[in-house]
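The next part holds the structures, each set out as structure tokens.
One chain, subunit A, links the two complexes that follow: it is found with subunit B in the first and with subunit C in the second.
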Partner chain A sequence: MSEPVLELRNVTKRFGSVTAADAITLSVNQGEFFALLGPSGSGKTTMLRIIAGLEVPDEGGVFINGQDVTALPPYARGVGMVFQNFLLFPHKRVGENVVFPLRMQGASKAEQDERLKWALDLLRLDGLADRYPHQLSGGQQQRVALARGLISRPALLLLDEPLANLDRELRKEMEVEVRRYQVELDIPFIYVTHNQEEALTMSDRIAVMNHGRFEQVAPKLEVYTHPTSRFVAGFVGHSNVMTGTLAAIEGGCASLDWNGVTVAVRTPPGASVGDRVDCFVKLEKMRVVAPGGAAQGENRVPGTLRDIIFKGSTADYLVTLENGAELMISEGSETMGFQRKDPLEVVWSAEAGACFPAGGA
Partner chain B sequence: MARRRLGPEGRFLLMALPGAIFVVVFLLLPILSIIVFSFWRTESYTLIPDWNLDNYATLFGTTTYMTFLLRSFTMAVAVSLASLVYAWPVAYFIAKHGDRYRLLLILALAAPFFTGIILRVTGIQGVMGPVGVINLGLMNYGLQPIEFIMYTQTAVGIGVTYLFIPFMVTAVYLSLLNFDFELLEVAKINGAKPWRAFIEITWPLNWMGTVIGLVLVFIPSMAESITPRFLGGPNAASFGQVLGLQFGETGTWALGSAMGVLLFAVSSLVILLMWRTVNLQRSGFTGGGS
Partner chain C sequence: MAAGSRVAVAAYKGGSGLLLTLLYLFLYAPIVYVIYTSFNKDLIWPFPPDFTLDAYFKLADSSTYHEALWNSVLLGLGSAILCTVVATMGSMSILKYRSRWRGLIAVIYLCPLFVADLLVGISSLLFNRQVLGLPGNMGSAMIANAVHGTSFAFLIMIAQMARYDWRLDDAAMVFGAKPLRCFWEVTLPIIWPAMLGAFIISFILAFNNLEISFYNLGAIPTLPTIAWGSLRFGLGAELFALAALVNGVVLVTFTIMYLLMRYRIVSFGHRD
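Take a look at the complex of A and B:
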């Protein structure tokens, strides 16, 4: 395995009493699409700005291709960056915007022309080189920003919520596009977003950030299916949360007393009988079935269908249980012909749940 | 009977009226009258409508008038450049680091205007003149007084710069308020050193504001008459000073009017030339809405 393109060692950054980055250590490899996912204020943009050189960390080091760049200013780092609000130079034409990094490097006119053609081709901007940014649509502006970020073959590309200002349709389209550029260029992309769908769609690996710390860094599937902290379980995907007391533990399996309903769960690490725990089960891991079937090593809880929220390819079933709690279950929309107020049963496997010590809320 | 209501056109005219009256009464009429007078002649303090080109012949034919004009022009150029160089860092500092003191700092710039121009100029004299703070201080320590700030062109230049620099600072400051400083971060990430980012981004995007500042300083500097009278020596008389004389002591209003027309023409030409350097697209001007 070659050395990582980007390495952060123990990077810490404080703003007054707020710790925006708390001893962050990370390696990103060649050709990797890495997403930094977290709510606003979690420190993900600060991380990006530290990598770019726009912020100097209080402690720790930043390494690009093995070289310590911690003390280098942004213009000497050779990274590209794309911003949420595009930040194109309003007084420069599209071509001038895109070619700007090469001009700053003192590239020859011939090379500038050749690379410009390459970048405009890659981003499908042919014919727009002589326009001014304000004459372009949002999607075109973002593509120009990407072209500018990529033209000088940066060691890595940093993207700060680049699609957040685009409307939904365009965002879907651009997600696929951005992923295509990344595969084509084979350089690491570090992609900051608060939108889990974006992170899940595009990235190879995801770091979930909260309060300046990494809650979990893992391949996206693992983050989705095996969250390692209560925060990740709650933030990634859509889950039902069942809060209760552990009634019994038998090895890897435990039973949870959830407001009078006993459900089987995986034993949270280090937990003991009597602990309050939160159990997260993703909506699509639960099923609704007609009442009366036999339990086959699965949780099976009776309830009443309150409503069906039709979403196109899927539908969300809202089920009121006998203990007063409500569960939401995501199913294929053709599933059976349940009507409102029908009695039914909610079924899920104990394995599907992820349990953690109960949070404050 | 219902009162007749004003239609949209009537309302438009009503709203446009005050501005129009102002322009006509205080701008167009005086300029027109000065243009007319410049083709008349004066005799014993009386304007005689006797159409001729003598005033202009005198003006362009007499070396001293042209010397005054050239001197005032050179002075105005030098003052504009000096205030440009001095005002930019001040305005930049206030816009970038002024935070909640911005308004206070800008008001502080206007503070000298609370007194009259005469007081301001004599104040300068109290600093730079032969019995001013600087030279008295130097002489107190047995040093030679600085000659070139006593009744010289330089003294006038410093004085005029001091008078009009707030215009320049304000114009650049207002421009910088609308400037997105994040663009500089973008430039730096894309390989621009700070000075290069300034030249590529900050300067062109604030050129329109800078031009406005330059014009606001140039025009009153070109016409200045009071500062040279107080701070300048016998060899520092300005065009404006001599122009003033025509309407006062000598009473040659027609010649004075011709001088006024010439001053107006030069100033207009400068504004025109400066405006031609502004390319709206290249100033990042996006035409309002879009």
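Take a look at the complex of A and C:
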């Protein structure tokens, strides 16, 4: 792609002693669905507010389509936004809410009508134009907020946890919908969420944020399979964490002494024998087999089945090991006929583990 | 035991009901008495009743009262507009911009409540005359009356606007509204009931005020000043009619305001 639609260069924003954005550099391309994933308070909303112009960065610049907009007020930036609590205007009808950005731009009445019809059709809101926001369901309000964000053909759309207030069913449905609109419109969406499933479902690329900093920015699959920091490994996906001391290093392979159990791992970059490390292995990267059963993997640890948590298509197996630790393994639910207290073995490959220097906490 | 506690609750309810009734009697009996008397022939001892509208005809005929009424309305409107504008700007800036000093600013807005009318009247007269070299007139009376009015208007505005969600303004700005447009399109349509409340209260305050108006207006009559002046010539029938009318108008205004709010014809902030 030629020029990025959005570029942040070294953007920093402090609130007193809190650094909500710490030297953030980023570029987002045309048609990209970009997710900003991070725990509460990591600075996601602040980032969106800086892009929208609602917050002025202390340092650094914001560029939209190559133009420096750092000093421009929000109303001169031409971005669309869907706010965390929708923020529909309570005294305006749905139609007036949706058409508001066009009116502010001084679009002709004919254009307003035409675009309104387009937006209401796209978001399946026909027939609701004369209602007030408080007369709508959560899902409908959400779609009105989206329609309002999209109607004026913004250069990019910012979405701040737009699905957080919806119930699970509706959220699943809207995840698919939102992705569909994005593909249809072919503009970049910058989608803030603290829900990793949402980020993994919808986005092309994910930035994982923590304490105002980007921990990793990469295509979603890579973030999931190859986390580059301890924080990302712990935050994205569900993992077993094994904390131990590196006992030996042989080139790319190392062995970890995990409370008496020796575990084969990839050698973490720059590590040396004696280091304390955390090894993260995703639940679904481990297998449970009957003792001596067939499975691929350098690591094979005996244990006892404590419980099975049935999850529908999958089940989580809780296995107590001889060193007293417990592992959780995600498997297909109908495959095996294990019972509680059955002896079995947990198997995984060294490749599946991601090791980082042990965290202080 | 259950029966005993039920009796206690009943006694408690009855007791507080009685107390409330006495309080209302104490507050409203004089007003009711004045209204009742204004419809009677005998103003000194209006029992048994002998109804007549004489007092009202006298009031309608009196040209001094006409002029005074006009002046009072003018004074009330001017002062109320001033109060509402200043109080709206004040409460908006405190709530929206969340300054470190907002507590102090709010207290400064409220301080005039503790200054007696008489002092506000005299000091604004002195200040205008000695420092600014201005004579007392309608304009200075409006401003002087706005001193207390603004405090009350501010109290009303801040109480109602505490529920306003300023992120709505953020939304409006992102969608292209400049600050003034944003106020006009989003803030004003939501906060106008609070502004109306502030306006009505400050209007009534200025309309009814005696001391401040007296010192600033001198010979220009308002309803309270001529009512007070005419007291020196005994209790005229017009005074009873006037008091009854003013109280009646205030009562009706408040009833309407209450009904509007009760049935949510106007509502404050978000409709949830």
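Methods note: the second predicted complex is superposed on the first by the 356 of 361 C-alpha atoms of A that agree within 3 Å, B and C clash if a C-alpha of one lies under 4 Å from a C-alpha of the other, contacts with A are read in each partner's own complex, and residues count from 1 in each chain.
In this text, contacts are C-beta pairs under 8 Å (C-beta built on N, C-alpha and C of every residue); 3 or more make two chains touch, one makes a residue touch a chain.
From a predicted model like this one, the values you see are computed outputs, not experimental measurements.
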Subunit B and subunit C placed together on subunit A: clash or fit? clash
Practice problem: Considering only the touch criterion stated at the top, classify A:Y75 as touching first (subunit B), second (subunit C), both, or neither. | Solution: both
Is A:L87 in contact with subunit B, with subunit C, with both, or with neither (first, second, both, neither)?
both
Dual-contact residues of subunit A (subunit B, subunit C) 52-54, 73-75, 77-81, 83, 85, 87, 89-91, 100-101, 104-105, 132, 134, 148, 152
So, in the complex, the side of subunit A touching subunit C is made of residues 49, 52-54, 73-75, 77-81, 83, 85, 87, 89-91, 100-101, 104-105, 132-134, 148, 152
Subunit A partner, complex, touching residues on subunit C are 165, 167-168, 170-178, 181, 185-186, 189-190, 269-272
Subunit B residues touching subunit A in their complex are 180, 182-183, 185-193, 196, 200-201, 204-205, 281-284, 286-287, 290
The answer for subunit A against subunit B in the complex is residues 52-54, 73-75, 77-81, 83, 85, 87, 89-91, 100-101, 104-105, 132, 134-135, 148, 152
